[in-house]
Every structure is written in C-alpha cells, then in structure tokens.
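Think of it as A, B, C and D in the order they're written, each chain with its own count starting at 1.
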Amino acid sequence: MNIRTDLAIECREMFAGEIAGVESINHDRDGISVTHVKITTPEGALKIGKPIGNYITIEIKQMNLEDEEICERGAQAVCDELKKIISVPEDASVLVAGLGNQYITPDSIGPKTVGKLLVTRHITSEGNNGHSFDVRAVSALAPGVLGLTGIETGEVIQGVADRVKPSLIIAVDALASRKLSRLGTTVQIADTGISPGSGVGNNRKELTEKTLGVPVIAIGVPMVVDAATLTMDAMETLSQHMSKNFSKNAEELVDAFEHGGREFINEALSKESTNMIVTPNDVDVISNQAAEIIAEGINRALHIK
Amino acid sequence: MNIRTDLAIECREMFAGEIAGVESINHDRDGISVTHVKITTPEGALKIGKPIGNYITIEIKQMNLEDEEICERGAQAVCDELKKIISVPEDASVLVAGLGNQYITPDSIGPKTVGKLLVTRHITSEGNNGHSFDVRAVSALAPGVLGLTGIETGEVIQGVADRVKPSLIIAVDALASRKLSRLGTTVQIADTGISPGSGVGNNRKELTEKTLGVPVIAIGVPMVVDAATLTMDAMETLSQHMSKNFSKNAEELVDAFEHGGREFINEALSKESTNMIVTPNDVDVISNQAAEIIAEGINRALHIK
Amino acid sequence: MNIRTDLAIECREMFAGEIAGVESINHDRDGISVTHVKITTPEGALKIGKPIGNYITIEIKQMNLEDEEICERGAQAVCDELKKIISVPEDASVLVAGLGNQYITPDSIGPKTVGKLLVTRHITSEGNNGHSFDVRAVSALAPGVLGLTGIETGEVIQGVADRVKPSLIIAVDALASRKLSRLGTTVQIADTGISPGSGVGNNRKELTEKTLGVPVIAIGVPMVVDAATLTMDAMETLSQHMSKNFSKNAEELVDAFEHGGREFINEALSKESTNMIVTPNDVDVISNQAAEIIAEGINRALHIK
Amino acid sequence: MNIRTDLAIECREMFAGEIAGVESINHDRDGISVTHVKITTPEGALKIGKPIGNYITIEIKQMNLEDEEICERGAQAVCDELKKIISVPEDASVLVAGLGNQYITPDSIGPKTVGKLLVTRHITSEGNNGHSFDVRAVSALAPGVLGLTGIETGEVIQGVADRVKPSLIIAVDALASRKLSRLGTTVQIADTGISPGSGVGNNRKELTEKTLGVPVIAIGVPMVVDAATLTMDAMETLSQHMSKNFSKNAEELVDAFEHGGREFINEALSKESTNMIVTPNDVDVISNQAAEIIAEGINRALHIK
C-alpha cells in the first residue's frame, strides 16, 4: 500500500482492530476532538510507518473565521497538548523553526507562524529590564527551503542551534493528509521530530533529537493532499461502484483492476505527483488561520505559566 | 465530455481532423511555438466550446530561470502577438487588469504582472513634462477577488473603466490547463475577453466588449490543472493498460468502465475538485517568471513603436 | 506657520484658550483617551485648517503587542466611536476603502486593514444562505496608489461606488502627525471624509460626500512625521536653549533667527521633505497592530448590533 | 563631529586635502562613477572612522526604471568591481547573507536580493547532473532581524557558515547615507565586512573575517538618512544664511550657535533619531531596483567566468 500521509491518525485508521504496540485514545472537548496515538514498540512503528513516540491530533471541527470562539479553543487545545508533551523545565530556552516556503501559500504556514510568535530571547539575554524574570527565552527562525537557499533546512537549524543552544526545538510545518476534509482544520503535535520524506513533497533531512541533540517537537497542519492519493481514492470509489452495478462474473475483473490497476496507477502517478500540490481553493484564508492558532497556542504554552 | 481547460489549443486537440469553422495555424520560432486557433463560425464555437475569435498560444519550450535568452524571446513573442491583435490606435489609452488572488501563489500572476507594468496614465494626463508626447496612457489595476472584496471582479473593472475611459482593456489571469506540462510555460492571448467559468475555479462574470464597451484582450497562463481532469487522465491510462493486459472477454467490462465509470467519477470528483487547486511544486518560481514575461511583453507592445 | 499634521487634535493644540466655532471634549476610559474636536463654523474651520465636522481622536496610551487587553480595548473604542458617528441604518451597505501603498510599510495600513475585514456583500447579494438575514453588506477595496496604477484613488473609489452603491464609505489611511509619540498609537475618526493634501505626502483628490455622493468616514492612524516639522521642532528647542544661555543682547538675533530663519528653513526643507518619509524603526510591528485594531473595530461596529 | 554615514566616500568627503593613509581614486564610465577609497594605515582608519580596507562606491547617476540600459550598466559595474575584490578561487563556494527586515521597505534590500539570486549549492553538492561542472556552489540566507528572531544576525550566519563552510561570505545590507541624493542610487562594496553600529540604526554584531573565519565582502545601498543628520544639515544651511544676512556683530552669536547649538541639538536628536527612519517616498520602487542590480551583479560575478 502506498497511501501518503503525514498524520499518524490516518496511518492508524487504515487498520481495523487492535495493533500491537500502538495505543489510541480519543476525547472530545468543546467541539474539538483530541486523539492520542502512542507508538510503543518497533513492531508498532513498522506497522504504522512512523517512529516510536506520541502523536496528538487536534481536530477543530467547525473552524471558520467568523467563529472566534472556536479559534480561541483551538489555540487553547494546542497550548494544553503542548504543555503535556514539553519535557524541559519552565525556564528552559526554546527555538521555534518555521519550515517551508513562504512564497507558496500552502507551504507558508511555518514562516507565517514564526511571524506571529512572541520572541523573547534577545530581551532575556540582555537581562537588563524588568521583564527578564518571568519570560522564557524563545527564539524563532524561518530557515527557508533548499531550492531558494541551497542549504538543507536541517543544516540551517543545526547551525543556529549550535549557537543559540536551546533546550528544546519546536518545528512547525505544513503536512500532507489523505483526506481533503482535514486540510487546515487539524493540528498534529508529535514528540518525535520530523523524519525524512515528510512535508510537501520535499525530501527533508531528519530533524530529531538524534540529529539536533535536544528534544524536537513537530507541529504540523495538513495543507495538501497527495495527487496520487486523490486519484487512488477516486478509483476506490469507482471499483466499489462497479462491483455493485455490474454482473457477477465481472468480479474477477474488478478484482484484477483493484490490484493490478492500483499498483500500475500508483507508480505512474507517484512520479508526477511528487511535483504537484493539491490544495484547497481558500488556502490563503485557512493557512493564515492555522498559523494564528498555532502561534497563539505556542505563545501560551511557552510564556503563560 | 467534461475536460476542463481554458486553452483553446487544448480544446482543439481533442478532435482529430478538420473542424468546420475552426482554423489552426502553427509556426515555430527560436524554440517558441506559436499556434493561432481561429474560431470563425457559431458551429465552430459550439464544437470547441469557446466564443468566436482569435486564440494565440505561445509555448515556450525550455522556459527556465537560468536561460535569460528564452525569457527574452518569450517576452518578445508576447509583444509581437499582442501588437498583431491590438486594434486600437497607437496612442489610445489602455487599462490592464490583473485578475486573481495575490495571496494564492498559482492565482497571483495577474496582480504580480500589474506590479511590473510601466504605468503612465498619470504622467500623460498631467501632460506637463517632456515625456507626454511619446507615451501611451497605460493604467493598471488588481481588482482583487470576490471572497476578499465582496465585489465581482467585473464590477470593479467596469466601474473603473467608466472613469478612466480606456480604448482597450487587457485582462491578465491564471488559467486551467489539461496538461501538467503546460503549466507556467504557455501564454494564451485572446481577443474575446474572458467568459464565465474560466480561471481557477471561480465563477467569474463576463469581461468582454459586450459588458465593458471596449475591446478586451485576455492574456492567460495555465497555472493549475483540474483535479477531475487529472484523475480522468489517470483512469484513461489505466483502461488502456487493462485492455492490453487482460483477456479478450474483459473488453466489455473495460468498455463499461470507460463509459459508465467515467461519468460516475467525473460527477463525484467535479463537486470536490471545484474546491481544489492542483499546481506544480515550484509554482512560486514559475509564476514570478511568467509575470515577468507577460509584463515585459505588454510594456513593449504598448510603449515601443 | 507651516506645521504639517493630519490630526485635528494637533491643530487644536497649537492654540491656547477658546476658539470660536471649535469645541473640544476629552474623556479617558481604561487607559484610552478619547478627544472629540467639533468644528462648527466656517471661522473655526479656517482657524484649525480642517473642514467643519467631527474629529474623534482615540489615543491608546500603552499600546504594545504583549498587552492583548489594551489592544482589545482599542478595538472596542474604535467600534464605539464609529457607531456614534455612523448615521446610516443598521442594514445599510458599507464600502471600506483601504488607501495607501501596500509596498511601503508606513503607508500600508489601509490595504492591511482591508485584508482583515469581514467582507459580506457577496453573501448577502446572493441572498441564498441562512446568514443573509443578520449580516450587513460590507465590501472592501484597496484602490492602490497613483504611481502604481496611473489612476487617482478617488477615481477608483468613485467608479466602484457607482457599481456597488454603498450607503456609506469608510476610508482607512495612514496620516502624518506632528509628534513622534503619536505614531501608531492614535486613531482619528472623522465624519468629513478626506480632503486634498492629507496622507503621506501625496496630493490626493477629495474623498467626501460632495464628490462621492454618500457620507464618507475617514479613519486614520499617524504613521509618519513631516521631515520639515521634525526639523522645525528641533530648531524651536534650540532657540529656547539659546535664549536661556546667551547674553541679553543676543535676543534680537534669536528673534531674527526665530522668524527669518524659520521661514527660510521651512521653505528649504518643504521641497525636499515632500519626497521623504520619517517613520519609527518598528513601523512593521506598529502598522500590523494598528491595522488589527482598526479592522476589529470596524468589524464590530458594522456586524455586531 | 557626529555625522552618521555608512559610506566611506562620505566620510572622506568631510575632509579637504590629502589624508595620510587614505587614497581615493575616481573614474567614470558610461554615466556611472566609481570611487575607490583605500584605507591603508591605522591613522587613516581612525581619521575616516572605518577599518583598514577597500571601499568601492558605485554611483549610478541617472538610475530610473525606464532606463533599462543604465540598470544593466549598474549590474555590470557591480559585477566588475566584485570580481576585482573577490580573492577566492573561481570554484570556491560562496554564502550570500541578505541582512535586514523584509517587512520594513527601506530595510528589505538584503532579503529581496537573496530572493533574486541564482542559488546552486544544492545542485553541485548532489553532483549528479550535467550542470555540476561549471557552476560555483552559491548558497543564500536571509537571517532575519533580532527583534523578530531573538537571535543576533551574526549568530545565525556564523552557525550556518559552520555547516555550509563557504570560502567567502557576501553580506548585503541597507545603509545610512548623509545625502538624500544618494539614496537608492549608490552601491558600496567593501572587503572589510560589516562592523558594529552600521545599518539602519541597529547595533549589529561584527560580521568580519575575524568573527566568521573567512573573507567577508559587504555590499550596501544607502536607503535611509539619519534624522539628526538631516536636521544638522538644515541648521548648517541656516547658519550660513544668517551669516550672510545679519550684521557683522552678530557673528559671535552665530559662532556660538554653530558650536554650542550643534552639540546641544545633536544630543537631543540622537536619542530620538535612533528610533526613526528617514527614507524617500518612492522607497518601494528604488529598493526593488537596487535589489535587482545587486542580485544581477552578484549572479554575474559568481557564475560567469
């Protein structure tokens, strides 16, 4: 199977029943659904296709601009879940990296979030004004993308982290989702960092505790679906339709199509689709909104005790 | 048939052989292919699905940033074809409208072009400096999009045109293409203006001589493909693959799939896909480049005699 | 005297004592000072140098990003004062025009505000969803600047207003202030529209009920000081300094300087300074913040009953 | 003396006659004036107030958008002078840092230049396509500003340089000039890097070979004048005016004003003016243009042999 998604919750949903080494707990609060997928063993990691760790998915059911209250709740949910997953002391310094390309709307959520953060490191390090007692040192960086800088995102972050020496790195990024309905309305928080192959079709280097030396929390919002995934879903729908509507002896063909066809198409599309983005029409509105929610959630989690 | 494309050349390509009321002439120059599709009769218009008029398609074969020469040639080709199609006197005033949403990268080509134009109307109307003799009065406007202004693009342009009283309107817009390979590398110039249903999934009002009172030239660059089109193409490929690889008696099913399936999927997808954009990964680079070529082409056509 | 300011409150402050035809009332609320300057007679208008009408100045004393509460109060004050000054019915349609150049940070407050507005006209005019009952039709436009469009701001607004037919126009603009301390922290709301010579050194056309046919409310935030004003203030300080510190018989010279010098310098500078902008170092932060406050204030005033 | 300028040529101009340890050579070519100020001794450095090194100033006399030819010549002049000053081998890798705040128009020239560069490091390091033979590895970074990132520009560059290991760093920045007439039309290229106190009023850390370990070439364009400088110049003009127009015995007072006043005002203004920017009205146009010229100059110097 070759469904492309960066969401652990979608990987989990592909399986019915229990999976050894994978726990999943869900609860709803105020129109927001929070699902905690916990991968605990190498077997679970292999099955799900994600590293061992915690993946919290916040789904904001009726996200829209008019409803400030639901946005407010989204930010609070991001704050609450972040606080649970942050393992460094209250005054430990944090570097937030806004990944992605600010010039491509669906990929701009990381840089946009950085622009809305309450950055304090330069105040604390000066240490010469009243604020310095109660403020955690937060720095922020939009490292750009390989095509525009010639430098791997991971290299920039590693180089800066070597200087800034944060106790924790938070990486904000646009993700790919399987379902159109999740675009812009879902936030995934993971304590695993970012692994190769994630993001909007870029082969990013690993951004993990292993490579960066400090814990890395990844916050992502699905902003694109994979073009191959989109097509496969359409064909799934079609083959179900065919099964229902054609004679019995057609079944073997449907079956052949199901399997032979899927593989064939997947291969044909996957080459092209790595060069394509599928994103909603109102991506300008939803990316601004999501950046607002994430930035506000991070600001609260890092600065309010 | 339900293939969505804004390019007359692609509509034409769906038919083999001659079409009554439709002429098509192609010539190549310096790595640039120019195709003139001329729809001359109502029958031709019905068949092609576009109004009677002239559609010139400029295909820049090896467009890339490194090659300034091919960009230079693209701009010159746009200039040359524009000059042929412009029917107003050399000193008649022109209003350029950059359609689309500047905050969505693939839809930003119109506003980006406006930002690069040589605007002169305010100099000429003042009429008090040496320049005023040799410069055509050019004004430019990015009217925004309905969702952000609450005003139809056509209403803004019409209102402004009532004041500015141009002799010609040039509308620059992002288009939808059938083929991925055309995105960002093709320019269509049409003397028909813009008709409803064009553009990146927006139901735009007509921008034509009929509604605006002066000739309207539309310049468009395909920046998106239709998600339904993408899927249909994938399924076409699959059904060809199935025909070849399955037993004889499968043919009837393939046939059924071809026809029944196509219609079914098309319907299922078309609802969703009107809310989606499919665009290349490097849309930031190609939209800048295309805006540069179009703006330079317009500047030369309007200001250099 | 030749002090350049767009704020009625600063014009008023240049005079000590009562002025016939000019009333001024001030009250403070929650760290916000609201001053109502009312010009009631032609004599008052001549003296102050502003048209007859109401000028409400909201001064947000401790505006800063960290203090969300003071921002919230600023938006509420803008809403409250707007509601008092709006004379059209609750369901009358409104067009908001965001004046200025989005590419020059201190002049971008109008376009930035437009981007944050809750625009509804396209929903109500369709009239086909549940919202249509309780929402006022609001449209918004950033008309651009003469140098980039070749079209007078007033022509664009007039043309669009002829189509959209609003009952009220609200024009948002960056202003010039005399005092540095007011930049970004003051909002002026006037029911007089905008008169020639206002704004960031541009000779704008009149945007008033007389020219546009409907009431025009101007909302402005001082974002620049005049370079000549800045220098004159410095020289004022100097001449006071000189009076104190030099011998008695120097007085005549100080006096000569005061008068002859002022005129001379004013003339010398005014030519240059019309081509210059003096703005604070953190103009990016304060223009975003002011746009947020104004947009939120307008949204509340127009949409919340 | 307390005139603030980042241009060596302006520092030089304050002295009449020869200065020991400072050479200055000028030549004109095609409407472009190139002045080479060479500081050779510690005494020269002290006198001029700049480190020992080479400062090449390119003044583009009639820079304007309409004249593509003069822009082309400007880019070529930047290329030519850069090539003379670059001391690393033809295939040595280069990191370009675009300093400044992209959200403040006069300070955005560095980030804008980065966006126009031909970045190649990621192609060469992959080393797997035909291009890799003839292309120098160029990377580029806009490190942001302290207020938005909480990280000193120098820390970001140093951290990234530790990873990327360039043989040369080119830092592009907006400068302060003494003369309004130089804004946007002058390019200074220095082989000394950037020293504390330069730039648009920010106290930047040193970016020099000493701190970064490799040669640092600084390219700067004056985009602002100092508010204090502006006022001092106005007062200079005034005192000349007074000398001419008042009686003989006023001289002593003029003299007192000249000296006592200057110091007083300078002190009074310098506090305020560090928080202010004085920049031309058309700063959007001239910053785009200057970024274009510098980027094109760098591209030619680094990639064309």
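Methods note: a contact is a pair of C-beta atoms (placed from the backbone, for glycine too) under 8 Å apart; a residue touches a chain by one contact, two chains touch by 3 or more.
Predicted model only: the values in this text are computed from it and were never measured.
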Over half of the interface residue numbers used by both subunit A and subunit D, so same, or under half, so different? same
Among A-D, B-C or A-B, which pair gives essentially the same interface as C-D, with more than half of the residue-number contact pairs in common? A-B
Per the C-alpha centroid definition, the whole-Å distance linking subunit A and subunit C comes out as 42
Whole-Å distance, C-alpha centre of subunit B to that of subunit C, is 41
By the touch definition above, subunit D meets two or more other chains at residues 147
Considering the complex alone, what residue numbers of subunit A touch subunit B? 101, 103-105, 147, 180, 200-201, 227, 230-231, 234-235, 237-238, 241-242, 245-246, 250, 253-254, 256-257, 260-261, 264-265, 268-269, 272, 274-285
Which stretch or stretches of subunit C touch subunit B in the complex? 114-115, 119-123, 137-142, 144, 146-152, 155-156, 158-164
